[in-house]
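For clarity, chains are labelled A, B, C and D in written order, and residue numbers in each chain start from 1.
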Amino acid sequence: MCRWLAYTGSPLLIHDLLYKPTHSLIVQSLSSTMGAEPTNGDGFGLGWYGDGPTPGVFHSVEPAWNDRNLSELSAQIRSSCVLAHVRASTGSPVQQTNCHPFRRGRWLWMHNGMINGFHEAKRDLALAVDPSLYADIEGTTDSELFFFLALTFGLEDDPTSAVSRAVGFIEETGHRHGEPFPLQMTVATTDGTSFYGFRYSSQGRSRSLFHSTDVSTLRQQYPDNALLGELSDDARLVVSEPLGDLRGAWREVPEATCVVIRGGEEELRPFAPAALQPA
Amino acid sequence: MCRWLAYTGSPLLIHDLLYKPTHSLIVQSLSSTMGAEPTNGDGFGLGWYGDGPTPGVFHSVEPAWNDRNLSELSAQIRSSCVLAHVRASTGSPVQQTNCHPFRRGRWLWMHNGMINGFHEAKRDLALAVDPSLYADIEGTTDSELFFFLALTFGLEDDPTSAVSRAVGFIEETGHRHGEPFPLQMTVATTDGTSFYGFRYSSQGRSRSLFHSTDVSTLRQQYPDNALLGELSDDARLVVSEPLGDLRGAWREVPEATCVVIRGGEEELRPFAPAALQPA
Amino acid sequence: MCRWLAYTGSPLLIHDLLYKPTHSLIVQSLSSTMGAEPTNGDGFGLGWYGDGPTPGVFHSVEPAWNDRNLSELSAQIRSSCVLAHVRASTGSPVQQTNCHPFRRGRWLWMHNGMINGFHEAKRDLALAVDPSLYADIEGTTDSELFFFLALTFGLEDDPTSAVSRAVGFIEETGHRHGEPFPLQMTVATTDGTSFYGFRYSSQGRSRSLFHSTDVSTLRQQYPDNALLGELSDDARLVVSEPLGDLRGAWREVPEATCVVIRGGEEELRPFAPAALQPA
Amino acid sequence: MCRWLAYTGSPLLIHDLLYKPTHSLIVQSLSSTMGAEPTNGDGFGLGWYGDGPTPGVFHSVEPAWNDRNLSELSAQIRSSCVLAHVRASTGSPVQQTNCHPFRRGRWLWMHNGMINGFHEAKRDLALAVDPSLYADIEGTTDSELFFFLALTFGLEDDPTSAVSRAVGFIEETGHRHGEPFPLQMTVATTDGTSFYGFRYSSQGRSRSLFHSTDVSTLRQQYPDNALLGELSDDARLVVSEPLGDLRGAWREVPEATCVVIRGGEEELRPFAPAALQPA
């Protein structure tokens, strides 16, 4: 059910990020080791920030492991903020509009997990989306609807609060439809300046999530590691699975936690759904 | 903005239907002469009735003129009820879930035209869909939402009344959003037994629609015509554009008309939107 | 490196064949257990014989496990001779022209395995193809070139001899280029009347291949098995992997063997490459 | 039968180049006015030079007019040397490996036109390709084979001479197969430093080709033109069709001519096929 990677730091060739590590996201598309499913072959997506007013996105319905365009493009583009996602569909069609990351203005969003009982709850969730945003929903995934709920609850102004309220609303809606554990999620979202990663599930058994540790220390420990050599001191990675088995390079994000990365500093905060107030 | 073809009659090789006529639907995909746009290259779809409990559908995002699978499949399948559609998108993404014909149970639906001001009216239209059907909407087109409104208003029980009420509702909703001419449509829908074709637009300037005339008379007039030779006496075609220039073979469906074909007999009835009753 | 299935017998709904078994070919596309690779997601293909002068083929670059068109089409078509193939590319691009089965006239061909050192030997192999056939090669796989060599050596007249000579030629060419084990193969080929399956490799360690045993006996043993109930007594299956764990249902095809199925009877013959005569 | 565009000059946002002009290449994909066919919807390709050792290429089988990835990517990438191509297939399959521009090392190649009688001549042409290059042919078009012949005849060392010899060889081969006018071509090729454009056909009735005139003069004449404002003085465009109707902006490349652009200077030279010497 999907694997993803987020990078912030000095501009890096995206190809190095996606293909170079031993257990790269491309490798994970064919054989993930910590995911709910080993194969994440139902399309993929890439989002990156450059000079333009909005980030670029590239979506494809083909498996990432064999997509020549992804290899070509990533070999030409450097970026200081990159999100990449390989998808294992939980039922919705394999089409570009269902590929992550989703975008609105300067914001990107990607999700690993699912809304349980989505078919039953879908209409209620969709009705809660701000009416001015509703018609801009392009695909049919639970993940994109989750994004639009977060936007509705103020993602662009106060991201952690908005996600907290969206999660609360999804859980409440799911419970009303008889779903005991409505949400399973790791989420990445950013405006290109601040990055937010979330690990949470209603059941308290969330999908895996890791963040990188201090790069400068690692570089001293492993002077021969090629990827480390290319990373700046403020580089930070948040990933569904470690990109390799370099001891000390990865730290698990705890259950019910939000990772905030800004200006090369990361901060871990407890995360909990917000109880909704009566409207 | 799309061209389509509907056939009912004795079982015919679909390939003969799609490729053989001089001005076939495949030719129209590349160079339609009566459509709003000459090119209908944004995917296509095929629906046909066979032995199974539901009709088969084949959807592709590639232009019909060069799709090898369409040519292959149609050369193997005979059917006595076939719907085919070539698409020119009016904005929604080119993806299989946006390809016509749409299906629910034994019903197929295809549409040429558009809901004007769809972006503004979309939420109101979607909310009117029967809540038990809402989550089954798979794509993002105005055409599929139109289908779901018709289903909501009773398509499976009384097709002409349901379409009439759906059209009334779409017009009323459009007017409320300030759209003077909310709907442009030719529609084909069938359960494999009875066929219904509609030509209507709010402005009274509808897209072209034609139906075939009596096959037996034509066959006497043109004994050398290959396609005619293959058609049974009860064969009927309803098409966006005549498939050839055989004089006398095609009759224009008048504005604001519904064509009903059942048991090899066609009937033309006036069509008008239903004014909606207060719920 | 690919998995395949071949069926001959009384007409069967292709959907039942592809999707119903516990360890169906569709399941194998996502998680093969005996293949060189677990994932066979680089496109797929279907070939079947119907009324037409040539068999139909359907090729797609999407993974079989999520292809809606495959599910739709197979649910509408019955056939008494079906070949199906899920692909794991060994390097050549994922495109329809590289999907098996390949077709020429009434003959279909599919291959699991590879020509080792193909890049080095390709030109020599291509030059050996009958000049009148050369321009009809549509893709870039070793498998299709192997088919064209078999055609060149007389596949349509004497299949086992032609394959034997093609294998001999490929091995000789490979050896000349310094490749110790030039060929790894299981091959299925048929004209819709007689079926030929081959298991062979230069190294004597061939990919897995199985054939079904007597259906009537099995049906008595397992009266509740749904698939068995649908198979006629003369039904025969040849598969890369058993489609389920029904004890006694599958027999391994020995190394260096050709299975010939005709009129509901199978025959196993030793298979060896032919030493080439001087031209 | 295809339309293309080549740009050299100061780095320009590719999106501006492809989408901004009134009669842009994207517009031409749907409705070319000077091409052999109005629709060029059988895939497209983009090649551009950046920091990397080789140029990037992006190939898609979808029509350019509706491809979201093309719009996204081109909005993020600036380049000082860009080739773009929209395809109308003359028979070979619509697949990425048949999309232009083709690449080898630092060289890109694109072609509008066709080798007449290609099916008959294909084997002879393929055999003439340098054996060390043969296995790297990835697709099945006449255009790519033409590129490989030019490479064989020394494209990387002396481009005009190599193309001249390749054309001579193609014509000689075609004549031997009874084809009176074997070649129709406009060709663009570059290593990112020097650009070569060719207009030629065996019949002397070549596809249209134009080059831009002096930008600084134009800018004075049309101070309000947005695209001109973005172009540097050394910017040069070579195109199948003028990108707009700005009087004085475009000059037709004469029949049988080669345009060479280097360091912001263009030079027009007569072009003729080379008679081949006995080997």
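Criterion: contacts are C-beta pairs under 8 Å (C-beta built on N, C-alpha and C of every residue); 3 or more make two chains touch, one makes a residue touch a chain.
In this text the structure is predicted, and so the values were computed from the model without any measurement.
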| item | value |
| --- | --- |
| Pair with more cross-chain C-beta pairs in contact, given B-D and A-B | A-B |
| Centre distance in Å when chain A and chain B are each reduced to the mean of their C-alpha atoms | 41 |
| Multi-partner residues of chain B (each touching 2 or more other chains) | 68, 93, 96 |
| Touch-based graph of the chains, sorted into line, ring, star, complete or other | complete |
| Chain A partner contacts - residues on chain C that touch it in the complex | 30-31, 38-39, 41-42, 61-63, 66, 68, 89, 93-94 |
| Interfacial residue positions of chain A with respect to chain D in the complex | 48, 50-52, 56-60, 68-69, 72-73, 75-78, 96 |
| Residue ranges of chain B touching chain A (in the complex, touch as defined) | 93, 95-97, 118-120, 122-123, 126-127, 131, 134-135, 137-140 |
